Structure formats: C-alpha cells, structure tokens
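Take this structure, written in structure tokens, and hold onto it; I'll ask about it next.
In this document, chain identifiers A, B, C and D correspond to the written order of the chains, with residue numbering beginning at 1 in each.
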Amino acid sequence: MIDLRLKIEPFPAVEPFVLRLRYDAASSEDDAILVDREAGRFEFDYNGFSLVVHAPDGMDLDGDVIMVLPGQGSAHRLVRAASPHNTFLVTEQCDQLCVMCSQPPKKHHADLFPQFLKAVELAPDRAYIGLSGGEPMLHREKMFSFLEVAAAARPDVRFHILTNGQHFEEADAGRLRGIGVERVLWGIPLYARSPEIHDEIVGKPGAFERLQCSLSNLMLAGASVELRTVVMRQNFSELPALANYICNRLPFISVWALMQMERIGYGRMNWASSFMDTSSDFSALKSAINTVCARGIEAALYNFPLCSVPQPYRHLAPSTISDWKRKYLGSCEGCGSRDACGGFFEWYKHDEGFRGISPL
Amino acid sequence: MKTRIFAIPSLLAAGFFPGKADAMPLAGVVEKKSLSVSIFERLKLEHVYTLAGHRSHSSHRSHSSHRSSSGTGYVYRTPKYYEPQQVLPVLPKTRTYQAQPDYTPDSSATASGDLSAVPLKQELKVLPGNSDKFKQIVIQVQNALSLYGYYDGVIDGKIGPQSKVALAKMQEDYGLKVTGTITPEVLNALSIRAY
Amino acid sequence: MNTDAEGAAAGDAGEGAGTLLFREVHVDDGFLPYLEVAIARFAYLYPGSSVERGPPLSIAVSEGGDIDAAVRDFNFVLYRQKIYADTFAVREAIVRGVMGR
Amino acid sequence: MNVFPLKFRQWDDGTFLFADDAGGFFRSDETFLTRYAKDMLTDDDFSFLEENGHVYRQVADYSFNAFMYRWAKRLYAPGDLDYVIFVPTLRCNLSCGYCQVSRVNENTPGFDWDETTLQATLKFLDSLKTTRMKVEFQGGEPLLRIDLLERVREFCRERFDEVEFVVCTNLHQLGTREWAFLSANDTYVSTSLDANASVHQRQRTITAERTAEFFGNLRRAIDILGPSKVSALPTLDVRNLPDPRSVIESFTSFEMRSIYLRPVNYQGFARKQFQALDSAVRWNAYHAEFIDAMIDYNWTANEPVEEYYFVHCLRRVLRSGHNGHTDLRNPNVLGQSYLVIDHDGVFYPTDEARMVTRIGRIDLSMGNVRTGFSSVTVDALNAEATNNLHPDCVHCSYQPFCGVDLIDDLSRYGRIDMPKHDTDFCRRHTHLFDKVFELIYSEDPKVRKSVAIWAGMPEYDPAIAKVHA
C-alpha cells in the first residue's frame, strides 16, 4: 500500500494549510523548495521556514500538494502529482447507511473547503480530482461554491464527485452549467430497479424516489453522470431489470459502472450476506451488460479481477482499484494478464472470496 | 390528393415552430433560456466522455454517401485484452472516464510548465491564522538575529535574501545544519517558542 | 375487424371499372370522429379502391384485388388516425419540451 | 397512465411491431393492437408498457422527461463544418461504364482546380471554426492532381489540431510520389473493388493487364498501409449480381471485413434505361441474401464480416444518436456539417447533389468557394428534412430509425412530395429495417451470433427483443 500520509517534523502552524513541494524552483508563494535531501529525509524551504518530510528515498514528491495540520506529525498527500488517483475526502457525514459501505459515516465534520481550493489551485495541469465522502452534497452550498471558484481558477481541472444523489434540485441546473457540465462527472449509486430493494440496501426509506428526482434534474441540466451499481447478493438477480430501466429512464448516463464489493467497513461486516461471487455465477451480469451495450450505453466492470470475468466481457474491466489500495495474490505470480489487471483490494480475503478464479 | 400529398401539415406548418427562420433549431440554433433546451445541448456534448485510449469508432466522424471512408467499419477484430491499445490505461475507479474538455484551457491559466502557479481569478479565502503566526515568528527571528549582529535589514516579518544569509551565518556559528531557513534548532538556539 | 357483408357487384362503384369486390365494414362509434380523415388517407394509400360511407360503410377493390388486405388496412388506417389525433398533444408537448418553446 | 403514441407494422408472420417516436419497440399481436386502438388496455398491458418506457403519468414527470431525452437524441444535430469532400479534378484514367457523370477523360482540359480555386479553398478552410477536419478527395481520379492533394494536406496539418484524409482512388498508375502520399499516418485509402476479379474487370478495368495492376496495387496497399487504412466498396449491377460468397471471399482475402454494398446508381438517361421499378425489389432480395450469407460465414469464421450500411441500420434501431452516416439522418440537414467543393469551386451539400446538378435536373449548388455561400435552395430543402410528422412517416414504426433523403427523391422523381412508400429510399429502408427486425427477433443461434457482433454486444441476449404476449 502506498501511504497517503507523510511523516513531518513539527511545524509552527495554527490551522491546516496547503502547500506544494517542488524540487527546483518556486512559482507560487505556496511552493516549498527542496533545500536538502538525505536518506529518507527531505528538507524544504517554505517561505523561510524549514519543513522536513520523511519519505522513502525512491518516492517522488515533486509537485505533490500536501496539507499540514497543526500539531500533527504527518501531512496528508492531497495530490500526488504522478498519480491519477487523487481524491479529497470532503466529509465523513452521510445520510445513507449502505450495507456494503467501505467508509462508514461519522458524525463530526471538519470543514476543509478552503484547503481543497488551494490544493486545486496547486494541482498539476489537467488534473482529474476526485471528491468523495461520506456524502459531499450534505454541504451543498459549500460544494457548489467550491466548484464554482475552482472551475473559474483552473479551467483545465476536472472533477469526479461521488454522491448519493439525494440532494439535487431542479434549480441547480444553472449552477451546474456555470461550473461546466463537461468538467464534472457525478458518480451516483443506484442498486436496483425496485425501490424496496434499493432503499433496503442504502438503509433509507424513500431514497430511490428522491434519487429518481435528482437524476431527472441532472438529466435536464445536461450533467454528466456515472451510474454506479455495486453487485451484491441482494441485487444480483435484479440487474437485468435495472439494465432495462437504465435504457428507458436514464439514457443520458455517460457510463454504467458495475462494481465489486470492498471488504472493508460495513462491507466487511456484511460480507457473508452480501458478497456475490461473480466468478462462479456471472449470468445476470451478462444479460445486464448485453442489454445496455446493445442500446449504446457504455458499461464497465470496476474492481473485478480479470480472471473473474468471462472472456467476452473482459475488455469492459479496466484496472480500477486505486494504486494505493491494490494487491495481488500469490497465485497471480504466474498470470499473463497481471499488467492489465487491477488486482484485488488490499483487504480482500481469498478464503471468503472468488471461488472460480485462476491465473490467465 | 394527387398533387400536394401533404394533407397533414409538416412539422413547420403544424405550428410547432413559429416561422421558417426558426424552423431548424435542430440545425444548431438553440435558445438558451429554457431548461429543457439543454437536452439538446447535452447531445452536442456527448462526445466529451470517451473511454480513455479507446475512442469510439463512430465518435464524431461522418461517412458520406458514396464512399465509406477510413477504418474497417463496425466489426473490428475481437478485442484481445492483452493488446496494449485495447487495454484501458491504469486508472482508478474514480477516473476511468477521461473527460476531454472540448475547449483549450485558457493559456493565462496555465503558464509555462506543468506545475506552474495559477493566478486566481477570484480571491480565495485566505488563512490569516497561519500568516499572522508565521509573520510573528519571523519578526522574532529577525529581531534576535539583529540583536546578535547577524542581520541589519528591515524587521518586516518576511524571509528575504538578507535574512537567509543571516540565518546561514548564524547556523554556521552555532554549529547547526546550514539551511538558511528557520528550523526548530534555530528557534531553540534563539529561545523562540513557536510550537 | 367486423365485416358484415361482402360480395361482388358489377360497375356500381366506378365508371367502367369492371367487377368490384366489396365488403361492408362495421365502424365502432369511438372511431367515427376519425372516419373522414381515414377515408381520405385510405384513398391515398389505395388509389384503386373506393369507400362507400354508408352506413354501413363498405370498401371495394377491383377484381383481382385483395379485399381482405384492403379491409385490414382500412381498419389500420382508422386506428392510426385515431391514435394520431389522440396523441397529437403529447407530440406537441415533446417538441416544445425539447426545443424549449 | 398515458401511452406515448405507438406506431405499428404487421410483419409477414402476422405478428406486429410496435414502436414509439423515441425508438422504443416491442413485438405483440393483433389483440393488443385492438385493445390499444380501442382504449381497452389491461393492467398487464400497462405494467409491460411502463416497464419499457412507453407510458407517463403527466407531462414533465420522470418518465416523460426521459422519453423526451430519448426522442431528442434520435435527432441529428449538425455540428460545425468539419468534413469536406474535394473534387480537385474530374479527369480520370479509367472509364467505367457506370460512371458517365462524374468523370471526364484524362486529357480533357478545364476540369481541374486552378490556382485561384485552390487558394480560395485554403482560405475557406482557414475561416472555419473547427479544430479537427476530415478531408475526402474524390474525383475523377484525385491522384492525377497529387500536387493539389499535397498542398491541401500540408495546409490542413498546419491549420487543424486533428486531421484525417481519405483518398478515393482507383489505385491505378501509382508512382513513388503517390505511394508516399498514401503512406502517411493520417491518410486513408478508399477504393472500389467490384465483387471479384471477373466482375471488376468487366465493370472497371476491362483488360487483364489493368486488372492485374489494380489487384497488385490493392495487395501492396494492404501490405504496406495495413488493412485498417484501406477500405473498398463494391458497386454491383442489379442486372448481373455476383454470388455473395464470392464477394465475401474476395474481400476477406484482402483482410477487408466491412463490405458496403452499393447498387450501380444510374443517372439521367441510363437510369431510365436500366433502373426499372423492379430493380429495387431485386436489389432488396439480393441484399437479404447477402446478409444471410454473411451470417453463415460468421458462424464459423474467426474474423467476422459485416455489411456496413446494414449494421448502421441495425445500430440505429437499437441506439439513439447514431448519426455517423450522411445518408441516414433525421433531420437530414444539408450543407452544414459537411460540404462538397467541386472541380470548379462550386459548393454542393452532398456528392449526389453535385451529380443531380451536373445532369441538369435541378440546381443544388450552394455558391462558389471564390464568391461565397448562397444556399436558398438548400435552406428550402432543410425546412422539409424532418420525418417526424411527415404524413406518411408519422404512422411508420421505422420512422425513429429512418431518415430523409430529399436529394435522392429530387433526383429520381423531380419532387420531394411523392408518397413515401413509392420512393426508392422508403422501399429500400423499409426492406432493410424489416430484415433488421427479422434478425433481432430470430431464435437461430447463427443469426444471434452475428446480431451480437454487429450490435456490439459481447453476447446475444433476448432482452433486446421485447415481446408483449
């Protein structure tokens, strides 16, 4: 696993601040310049102050945007310049309680929008930044303002925002278009065509109905949506009906992502009752995928090891597990497809996992 | 019935469109006001999202009536997963779809180099807490350096070239690591409490 | 479709048209408002046919023509005109909704 | 609950296809039709219709909005002009029997772009908004003026971010300079391969020597440019149609798997002479036979084949927004996203319009590159280029998948208000869509295999062929 935190030596900050690490020259007063480097220790000059970061020698920190929190011995790597996997955790609050949630919600919220804004400002050219939660849109007003200011400041930066889709209004159309509908991809989960099953999975009565309303609003606004469906025992047999529903009711989506579960958080607690071994039974997925493909809607399989997917569908399974939480099994050693495969989540447990897989 | 067969009026005559001039909103003239116009606008943006590295065969390119043009039509070789051009680049779940903004980024927004600073068009919320604190410390450091004869510049709370030289000299004299910056050791040596 | 009577007659529907095959067609009351436009449309689709309004309405084709097909298609035309009229407003709403007018 | 208007068509097997204006479709029977027409739909009917997006409760509810979106997405919205067809010369070094209109002899003077026209064309390109451009060189034989091609290509590469060039060539008399031109990464070859060697010789090359030259050059093009950069069209004579299997064999022997069947398109007098009414019937029957031959071929072949236009139609049935072919669009807006510039600098909306004008049928020119646009006639046509509420099309189940080709209508009948079912365009497309649906609803595993390949599905699934019993 790649650590998303960096050990730092004490720094006299009184509130969280964001800076960019540079090896050569500063181009902003938020840049810290490397002045000294020895085994595992990088010393930067940040406006005359020394900032000492401890990191493995091989690690490239140039261009990384980090956040220093007062009194903490580590800094958050908000943007790793060399990685496409950069996500800001906007909040840990959430108004749904999904059975497979990988990051169960917390009550407390620390507001870091100004810091995120600075991080966007300092991000590499054409960065694609993820915003996640919790439910980021619980802080609707701040999210919209953040996106508006960020969009104006950095016309080249694009966003991928994970939201439960419970908070879009018809009147948001203007703001969405102001930010730029082609610059934001909203990743929104929908688990079943049946309201009961969907509501049960997300632990919120009425969620399906509200989601339908939001999706309709997003469609009218011209927003770009990635519809996300975690495949589970609860919704597996419903997938073909959901595919049909998508073709008829949500024809505007940019892609339908069918996702395997992460065995962490509630996903770990509910693994036995929820994990669907799609390596042993892929049937409903076939039908669902074929339906949307025929109708011209892109389908994609996220977090599926290639060997768990039947050959005709493998090209739909990009390597999606973030670099920092990806692992391979011992048996992957001899696999010829390893380079193309996203592998397994760090917290995947094989004896409770896919039964029908073997190296390709 | 024989000459003019259009017994039922055409789209235009049916009163859907006020006049010939507006007859082809389909042809690109789209009003901005109405909400649902965006349905149509949306269609024009459709090509924005393409699977990275896998541009759709029919994306925006047209074929004329007499010659099908480049390419091999719809049926191309069964995708072999291992051919690099067929494989999606390693992207996270959050970034599988690479939006291709169909505008050129404002050149003023991206100055030279990848990681250059971007002048903000709108003032971001500043964080006065830290700036004040940093300034306070710098003033204390400049005062002390000045007291000990390392610095004779202005006490302005900013580390400029003169302060750096002073810091380096002081570090050298005190047997500290020479960085020209304010380090915890410098603060200790000057008895400044900052943490 | 309901057909009440059929037969062949000589020359009573067209001048010198030779033998005609004709059949009576029952029209439900619900379709009466669309009858006129359906007859016009049918005449356009079947230039060789003729329709007697009646009642009872009867359809004739010249000998060798397919009277079954003509009656079936007449009913389809009637259905289509009714559907067209009944749904005109929604079509209008769709166009307006999409074009923003 | 309200049902979006359904249009129906009875197939030969007695069942009915129902389709709405947004292209949603299902198969059912006459009893359903009667219930629908007589406002006697049952709960079962409604639940089927609701599940498949055919009903709404009120205007602007979710179902309505989604329908509206699908409806809108079926329409063609032309973008900026980014596709031009140039005819730098009308001269040609072949004299194929079916090409009497669009060529002159190789030595005839006065049928090439002159320097003024070239300069005006470049200036015109420079004035466009787009950042990407596709240029198709037609003729005549465009490579006779490789000097012009080189200059246009050089200019475009400079001017646009993304460029693509297609040379429509007969592949004769190619020298080093021509091969060098064709070898560039951004340049593609489109040629004619009429069925097989014997037909090709009969229709195009006449002598064995020239036939050998053509096939030698085609082989060389495939070998050095790669099969993905070379495409070929077979032009077939309805009076003398080759065995489909021989056509498939000759194309696949060159690794060309997309075959775009074209009937000889006679113009003027030749059309009257050769294209009797039944030629459309014959062509349609042949086309169906060809599709069946491809299905057989694909059942066992490693690399599948397709009939390009048929697959295009199939995808238009299943998908919206599938507007990549200029022949089949609704509305078929002309003169906007692509244009033809003829040898004399005259603008035309399509190549067909150029022919129709050239034979004196009607003037469809749109001005001249030297003096600018004038598009009164084309504007008038564009006002009629939508099929949605056309009095014939509005009742047709195939309307959402189909398009309009007013230039074809004008060229054949001299008018645009023929009853649709009497037009060649309508007959050809009705036939095509009948075949498309025959395949979509087929239970034959061979058919299903090809449908899946052509539709872009990993495997066939009956969910695409809805049936309401």
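The rule is simple: contacts are C-beta pairs under 8 Å (C-beta built on N, C-alpha and C of every residue); 3 or more make two chains touch, one makes a residue touch a chain.
Every value quoted in this text rests on a predicted model; they were computed, and no experiment measured them.
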Of all chain pairs, the one with the highest number of C-beta contacts is A-B
Chain closest to the middle [Cα centroid of all protein chains]
D
Centroid of chain C to centroid of chain D, CA atoms only: how many Å?
36
Computed distance of Cα centres, chain D from chain B, in Å
40
What is the distance in Å between the mean C-alpha positions of chain A and chain C?
61
Find every residue in chain B that makes contact with two or more other chains and list them.
5, 7-8, 11, 14, 16, 35-36, 39-40, 42
Sites on chain D at which at least two other chains make contact
65, 68-69, 72-73, 315, 321-322, 388-389, 394, 419, 456
Touching two or more other chains in chain C are residues 44, 84, 95, 97-98
Residues of chain C touching chain D in the complex:
28, 30, 44-45, 72, 76, 78-80, 82-84, 86-87, 90-91, 93-95, 97-98
Which positions of chain A touch chain D when the two form their complex?
212-213, 215-216, 219-220, 240-241, 243-245, 247-252, 286-287, 289-291, 293-296, 312-313, 316
Within their complex, chain A touches chain B through residues 9-10, 12-15, 17, 20, 22, 27-28, 30-31, 35-36, 43, 45, 47-50, 62-63, 81, 84-85, 87, 114, 117-118, 121-122, 124-126, 128, 130, 132, 149, 152-156, 158, 160, 162, 170, 173, 177, 180-183, 185, 187, 219-222, 224, 226, 252, 254-255, 257, 259, 298, 300, 302-303, 306, 314-315, 318-323, 336-337, 340, 342
List of chain B residues in touch with chain A within their complex
35-36, 38-39, 41-42, 45, 48-49, 51, 79, 81-82, 86-99, 101-103, 105-106, 109-111, 113-118, 120-122, 124-125, 127, 129-130, 133-134, 137-138, 158-159, 163-164, 167, 177, 179-184, 194-195
Under the definition above, what is the set of chain D residues touching chain C in their complex?
2-8, 10, 21, 33, 36-39, 59-60, 64-65, 67-68, 71-72, 388-389, 394-395, 419, 421
